[in-house]
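The letters A, B, C, D, E and F name the chains in turn, as written, and every chain counts its residues from 1.
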């Protein structure tokens, strides 16, 4: 039995409030258990310098925590004057993951800025960010479809993320909360598509290692959990969900 | 008639959700019209170096906006690597205002960190921050009273803030929204106590000036508005409201 | 009796040396009692990016102290690698105040850089900076009039600043020196035009509050002091003083 | 056939020069094909503040490239004033991987600084860094054993890293060079121990995704390659290699 | 004939106003032609961390220019967030030069901060800074002698600096102004003691080189000029001048 | 006898490996005793903004040390977020010295980036950098001559650097190692051309001073040493050495 009474293969309760704030083209508040992240997608009508003149778009992500999202207050990165390595790692991951299911040629020379701001943290903030950011991104494209600045949904597949891990007693578990994450021997974040392909696997055993067999068990746990999460995304997105996949992945993988 | 159909002396609708997030000692989501600010108060058991050994506490504030709190996305201050002048001005104002109604001798060598994070902006974010932060601060002291780390509410009076201004047609108005703020000739922020004393007056006429008579009209508007806001604070705070004033201002002003 | 034997409503001795350094278009050393500030105005033939293509000019201000302008040596902001909140607040105030009496349309796409460098501080450095910067600005425009790069003085009115405050014994006083400023319960900076209109009112009661009646007394003190300061500006500016007002404030306030 | 005529499962030539520079406690120049990295291990007799008083040691890594390690010259991070996200991600990975095979309790309150400086880059700099840094670390502990500041080799197992990936023609390959890395659809870095357990798996499909079957093929390729690399480490380390494992992993994974 | 009608071996007019500002322990405004520098010496009762516990003092210097000290306005280093290489080079030079004539053992664990702030620049700001800073330093020690915190003047010799150079017509000249400095083929700064020993020689031929013979001519010019400058320092220092040398250089060079 | 058994006028053993890394247009590993520096020259087809449109080129240098190039590990400047004064001083010196022997008009609007990265330090890193960078620069121009992007070698003369100094026993010595440098009373770096003209003389006596006679002895020592170093450069450069001087110094010094 886990510390919050879940079974090993049980997700925390997931809730998403769309249009959470009024200005962004796409806005979602995602709650995964006690982890709460505001995911906003903003469309900018130009691309960064290294992309100009190619007729393609770009998706980039930023991630931050409110200082008191955590049990102990953290110093703001703006006060420190620099962005921590952990933050950069997470924002690079979010951007990369979202780009894997969008045909950037379809969106023209535009940048989509994804902002994931954690207002309450209880483990799994990066995976919740990806799951919520995917929905915010689809909503933003939805508003572009509506005002005819896009003619086809450029999203090729669903995308969601969760964590799996191994507790000191060697149990493999799904969707670690903060308490579990602090004690787990192995922690792995998995990003998967709606068709069950992997986009990212990041597994780490800082104070331990893991065998090929343990890896298989964790991948299975993740797969089943991610299918449930994608079902929730479909429900939240309503009609827009049906348009996902109307663009095919360009290089046909 | 104003752009949102309010009368000149009418406040926007104010709503406060207490305990909005679970970790902080005091947490409030304040909504003033479409302006929404998360105000968190965190207690730290030490003071900054310049205060050590005096047996007194300190209150300091930080203020930030989510990148897409506004119509146009703003670059994060952490990405720019520095905090803007406007941000610093606002956080200095919030800290100073809150300190004016707290007997810092009562709280021992502790720092209260006030974090005001704007999740949606529509004008008046700094005054909404002060009004909400006051409630978060009282809640934090409330939790300290409960766990006996404080024995007396150290807050000497209520505290709230609002804005007044003069439109190009020379009307004096209360509680400017973003649209009004952009066009106003004069903009003034007022911080007042429950007993109707001024704590801060910051009036600016960048593209205009104002006479002593206009100043009087604006001060009257502000005073009436602030009394209504303080009534809302009382309601939100419930029983804790009654403990405000059980400490007297040390220098008897 | 005050610590320097002035009466409550008495200004410190003010002295201004024009053309204090040779390179700037306008240069003034202002002395207000023991406070000494070098105020330089520099004309640059372009405007910041956000103003381009509008045919209007811009005025911006920077403020700094020599490390040993004060009793205790301060660390340079260049060594710290960042500009303090107080500094930013002051430079924003100076720029805003000067812009309120200049018709920016008259000066074309030019920036006036105002540099206020405090070489000796004894209270009231920000108000001395505004009073001196106004003179430096008029001198700079004077040199542009002379070399025909301007045809009309774009300054609509005189502008000066001073402080008022309330001592612990509840006396309202004019023009606080450092010693007084350290002990005052209320401190208020007032920027006023030659016609007696307010441009900025910034009143703060960090360890105290103030009533509407006290506010009126302070405003009266400030008004009389500022009229005397503007008389000194007129004398220092000589013939140029007569050209102030030949442009009217555009929006007729 | 690959662009450098290797077979799909063939490593590039690996060479390691130990004691490459004279000052560090452990120093290795590792060459993996045309990728060359100086790996230095330095012992400092204290730990970072968050570790003090626990009687344990710490291992931390820094990674950098000479500006002209690459085809195009890169701007130094010291000139830019900040460390890139990619750099931070790599140094966090190196540190984490090394810590997984060291019993930090054995080394007392000391920090081992690992510096990986790439002097020539041709793909796989992060995995070459881990493989070389492991040898530098063992050498540093070797010198501590020799001067009796350690009594037991605190390294529990061998550790090496390599990359695997999928080319656009769907071939899975081992040990990608720069050219291959630029075109690969999937790129995966694997860190493994001498006993064949995984320490880190980081697989990314930015412009593609990968199936569970493809993952298995890549993991197999990596496993065989890593065994060969560990054999080379053993040879380079000579007698010291025999002492690896004389400390057992504390939590017995 | 030079552009300001001086002879090749003629110094510009030098003027020093002592006690220029009231707070520093030693304060001098030095004018060398149109170059004007405020040199302040501040005593701090502790030394930097790397010097603690040795019973010796330290002298360190900072150098800056007001933005409009020059013909074109310069951006403040505090705004840029970093100190330029040229600035650092100059402040290292000033500190090193002053330390060469002070017995740091005599002053106890104190730091003397030298601040050289150029308010008007016309060439030779670094050498004027050294010449003026020496006087400010002696004044600061004088005030310490007076209040008995020192018992012996710790200054072993006089110290002054000037520049020499070679014009495109191959004339060697003394004390270059800005115009000359811009065109000179060779520029050399010399710091010398009262007894004619060299402390620093920094000669540079960026667009030219110079022979051993030209070097000798320049050194002679500098020597004669520096003797005149030291005579001016003696006059300015009055009685304090007589105490210089009462401490001998510790290592008897 | 010196600490490494050299005579007072004896250089350390010098070794240069050309084409040390494969990407740069010119690459040299220089070893001067135990000091080892990688000197890379990179050609970029544009000049910095302040040089544009003049049809001339530019040469700029950067200098860094690996953290463990020294006995004690140094913190990376990228981690500190700023470049030290010493570093800036050295990179300005290297750039200036190289520019003195190149006709920048010959190379068109191109920048040559010189990177000097010290991998092992034992005194004289800045002079070894200049000596090695000169060779890397000539190699880079050699590759441009070969691919016809240059038609004439733009280097007007050889260039090398070394140090001289005075030990506490008053011996003048050539080419100080780290141990000697730490104890020397006077330290002087000399940059000289193949025809024996001076380019830079930087002599410093922080804890001592030096007479005109001592200066002469040091200059003689340097001259003889530099001729030997230039002979080594000629040998290393082979045929390319013969092309040095085919461009004459433009201003005929």
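Simple rule for what comes next: contacts are C-beta pairs under 8 Å (C-beta built on N, C-alpha and C of every residue); 3 or more make two chains touch, one makes a residue touch a chain.
Just so you know, these numbers come straight off a predicted model, no measurement behind them.
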If you walk from chain to touching chain, how few steps can bring you from subunit A to subunit C? 2
Using the touch definition from the top, how many steps at minimum link subunit B to subunit E? 2
Please indicate which chain is farthest from subunit F, where distance is taken between mean Cα coordinates of the chains. B
Pick out the pair in A-D, A-B or D-F whose interface repeats that of E-F, meaning over half of the contact pairs match by residue number. A-D
Rounded to a multiple of 5, how large is the rotation, in degrees, that superposes the C-alpha trace of subunit B on subunit D? 120
Do the two copies subunit E and subunit F share over half of their interface residue numbers, or under half; same or different? same
Whole-angstrom distance, CA centroid of subunit B to CA centroid of subunit C, is 28
Could you put a whole-Å number on the gap between the CA centroids of subunit C and subunit E? 34
If you average the Cα atoms of subunit C and of subunit F to get two centres, how far apart are those centres in Å? 52
Where in subunit D do residues touch two or more other chains at once? 81-83
What is the sequence of chains around the ring when one begins at subunit A and proceeds first to subunit D? A, D, F, E, C, B
Touching residues (chain side subunit E, partner subunit C) in the complex: 21-24, 27, 34, 36, 38, 40, 42, 44, 62, 64, 66-71, 73, 76-83, 87, 113, 115, 117, 119-120
Residue positions on subunit F within touch of subunit E in the complex are 82-86, 88-89, 91-92, 96, 99-100, 168, 185, 188, 193, 196-212, 215, 219, 249, 251, 253
